[in-house]
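Naming follows writing order (A, B and C), and every chain is counted from residue 1.
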Amino acid sequence: MSLAVIDNPFTYPDLSRVPAVDEVGINERVARFQSRSIKTDSKMAALRLVLSMIDLTTLEGQDTPGKVRQLCQKAIHLHDAMPGLPHVAAVCVYPNMVAVAKEALAGHDINIASVATAFPSGMSSREIKLEDTRMAVAAGANEIDMVISRGAFLAGDYRYVFDEIVAVKDACGDAHLKVILETGELGTLDRVRRASVLAMHAGADFIKTSTGKIQPAATMQVTLVMLQAIRDYYRATGRMVGMKPAGGISTAKLAIHYLVMLRETLGNAWMTPEWFRFGASSLANDVLMQIMKQTTGRYQSADYFSKD
Amino acid sequence: MAANERIAVAKTYKIYIDGKFPRTESGRYFPLKDKRGKVLANVCRSSRKDFRNAVVAARKAQGAWAGASAYLRGQILYRIAEMLEGRSAQFVDELVLQGTTRARARREVETAIDRLIYYAGWSDKYQQVFSSVNPVASSHFNFSVLEPTGVVAIIAPDDSGLIGLVSNVAPAIVGGNTCVVLASETSPLSAVSFAEVLHASDVPAGVVNILTGFRSELVGQFASHMDVNAVAFAGLDRKVAGTVQSQAAENLKRVIARAGVDWMKSDAESPYFIRDTQEVKTTWHPIGT
Amino acid sequence: MATPENKLAFDGGWEYDPAPESTDHVSLKKRYGLFIGGEFTAPQSGRYFDTINPATEEALARVADAGEADVDRAVRAARKAYSERWSRMRPKERGKYIYRIARILQERAREFAAIESLDGGKPIRESRDVDIPLAAAHFFYYAGWADKLDYAFPGRRARPLGVAGQVIPWNFPLLMAAWKIAPALACGNTVVLKPAETTPLTALKLAEVIADADLPPGVVNIVTGAGKTGAAIVEHKGVNKIAFTGSTQVGRLIMRALAGTPKKYTLELGGKAANIIFADAAIDQAVEGIVNGIFFNQGHVCCAGSRLLVQESVADEVIEKLKDRMQTLIVGDPLDKNTDIGAINSRMQLDKIASYLKVGEQEGGAMFQTACRLPKKGYWCPPTIFTGVAQSNRVVQEEIFGPVLAIQTFRDFDEALAKANNTPYGLSGGVWTDKGAKIFRMTSGIRAGVIWANTFNKFDPTAPFGGYKESGVGREGGLHGLDAYVDLGAR
């Protein structure tokens, strides 16, 4: 592989060139990230960065306009008792809630992400998925979180998956496209790596681990494999792709481990909300509690932080 | 001389290198005499160059011999025993000629045959006895197996012409080593005849090389050659044994000193003799998807 | 934000603040005597020397320099303990003593880890996660063998050898002490052990543990000193067995010194292992394996993967990824929990490494080092790789024992195997490929005692370790490690 830009970023990839992944080796590398000890100023900086990278998420059948409005309030006012905190990167909702979110966030620099493409299973026709996407964009979403067709992928129909992502990307217009691999359904890290390559070549702006509806959701292991795929794609094409682990990251400590992994895999350029997001609902409060603890020296109680 | 008397044809005793029977390159010999001083044979007095050539042959043969299946190595050792059985009368006579009583000679040949059978049987078993699967704490499959040390230089015991030789050669070669042997100085004839047995037994060229000659001249060569992996000896006095170890240190040869072994006895055979010229190799591999 | 030439940027930006391991719980005496017959005694030699913290160049403690008379006292104490107590004790009880050592080590693991890093310069992460837990595990493993030796040697009755003289190196001070002492005791031998002169402290702390475990006096004796003390142990007539870990050069001297004596010996010596990366390997994990293979413990590892053989078609990719990965290695304070590469063990070793760096450049190799900020005091060497070197270069042939990797390429399987085996050493090797059949052909082809396939530098008490060829004689660890400490009778 040469250092120069050699590959066209948007062609169907040669999947035979995707390197193998060894699970035990990945586990060992992850353990090394977890053994980093982040203290004092670097911890505070990390906590603030984590807050700014959160896609504050509600994706429930029971979501109501009221719930979404509350979420948006939280996005704007994370903890007003502590001035000077960053706000989250985006709120993430279902397509039919985008309009509510847009109204609630009016005038604020917070992105609106909508899941689309028959989220979470993706088990629908191409036409419905595209329409789902167009509808969310039309309602004001500037980020679309799509799901890949895992069934087609597992059946070996990589071309179908690729073409579908290309079509959705097209339907997004100017909206950023995050492609959810649903790694918990892919089974092996080799497949995660393959799906990452496929998604990036098809035009993904971000690749994302999970819907949050399938266990396991995000793990450091799958995230590392995806980060390595992003790195190799960048080396080969010069195009940066973002990363979003989603689901299961609920503590500040774990989020900081992810930042360590990000820094030591992709370097500084990715250490911004532009290129890295956490898909999470309860992470923000744990981070806030940690910031408070760092500031006051006292361990905190959840009672003092608004749920949403 | 009676008119119908036949003149016996005397045998020329040569050395055995790389599956061939050359004379020593040095052209030297030493007369082997019986108790009454009668010359039994002119025996090759091998030189260090003969030894060097033998090591080259042994090294060349080692990879393929180690790579042969255990089953095949076992069959070949069994074949050696068969051939020895067929020629046992000759070996008995030769031992008697070299001063052994007929009864003891017969026992020695029988024991040598049985020892070969014994080690033939170990060929595909010692690995199972001495290998291990190691239950490491991490997510790895880990096992240790034996592999042949390589080229073994053997200084055969002086006090027996055949059984000492066979008892030291068989465990080395059944384990995939090749060897260069210095035969008993006082009873070298059996060693040369044993080479002829080997030659007729499908043993690949170079696996066993047998030299005759003077210990005082060759022990140092056996101990110091940099392409020899192990040196095994029996019945060297302590000072000479010390010199061997000292010279072997130059390339960290394995030194196998077999002292006080009665080669005729049953405790002179065991898989531990095989293990002496084996290395333990431990292999790790992750367990994952 | 894309950087020139699609390169990744690892410097600047968010960095980790110092996270030093606390040393409150460490108790060190100002001066240590010799542990002989169950107690610390002043050396008859009257001499002491300083043991230095290689990260600060400050003295940590004064340590006795045992002379011949001191070694003689230690051997006598060991002999007495052997004949009167240890060899007569029921094996079950022997085992229980060894279990005690394991347990106390586990309890005091943090203290031992901190001392190991202070005295030897290795990162606390490694002493904490590797050295100390493995040392305890070794005692735990061999404790269990004490009453089961009849099952280890089919057809033979294992008897102890007597007094074992053990001389260990400075790269894994406590772990090597455990590797030596645990099997010796389990088999019923008593011990005189000499730690390396630059890293004696954890062995002396182990003496405290042994005393706390109430082992009969003299079962384990620990004498400190340099080469002369080691020679006195090797040459002592009352010693039945010598176990040595260190350089091939010294191993050879020991083998010669023992010639003509009935002493048994095991030697764990040098290495120059090939780490072979095939194009079909899991490349990212292979890069991690290269890093672990050569930068673990500052490269002060006899089985280090100090020669990288990478298939030509992926060589550029692997080297670029390796360089990226090297940028994230943190060199510095061994006590900082984030340190990846600590201090070089001694001034002498640093000078030796530095001389090899010069040689490598003179031979025409291209040297790459990461631009890390090194502390002003102490002994440091940034992670270093040489590309463009050939089999005939000294940096390819000779053991450097530092964080220095020599990189060569190969075209096919046979070339890789031939290069891997083209060395007088044979301690370890590595192979990285996704193809199972190729793994087995390579792992059986490499002439070395430990082969890591798709991993590197893994150790376990159950796994035998030791070298082929000039890398040593005998095995340590596992069932096979017992062999070094028993007499099996007639052979």
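For this structure, a couple of remarks:
Everything that follows uses one rule, which is that a residue touches a chain if its C-beta (ideal position, glycine included) is under 8 Å from a C-beta of that chain, and two chains touch if they have at least 3 such contacts.
Since the structure is predicted, the reported quantities are computational estimates derived from the model, not experimental observations.
Distance between Cα centroids is largest for the pairing of chain B with A. Averaging the CA coordinates per chain and comparing them to the mean over all protein CA atoms picks out C as nearest. Across A-B and A-C, it is A-C that has more C-beta pairs touching. We define each chain's centre as the mean of its Cα atoms; on that basis chain B and chain C are separated by 37 Å. Centre-to-centre spacing of chain A and chain B amounts to 70 Å, using the average Cα coordinate of each chain.
For the pair chain A and chain C, the distance between C-alpha centroids works out to 43 Å. Residue positions of chain C with contacts to 2 or more other chains are 454-455.
Among the residues of chain A, those in touch with two or more other chains are 22, 24-25.
Among the residues of chain B, those in touch with two or more other chains are 140, 286.
The touching residues of chain B, when paired with chain A in their complex, are 139-140, 286-289. Against chain C, the residues of chain A that register as touching in their complex are 1-5, 19-22, 24-26, 28-29, 35-43, 45-46, 49, 228, 231, 234-238, 240, 259, 263-264, 266-269, 271-272, 274-275.
Residues of chain B that touch chain C in their complex: 129, 132, 134-138, 140, 142, 144, 147, 149-150, 229, 238-239, 241-246, 248-252, 254, 258, 260-261, 267-268, 270-273, 276, 279-286. Interface of chain C with chain B (complex): residues 137, 154-156, 248, 251-253, 255-256, 258-261, 267, 269, 424, 439, 443-444, 447-455, 458, 460, 462-466, 468-473, 475, 478-480, 488, 490-491.
By the touch rule above, chain A contacts chain B in their complex via residues 22-25, 27, 187-190.
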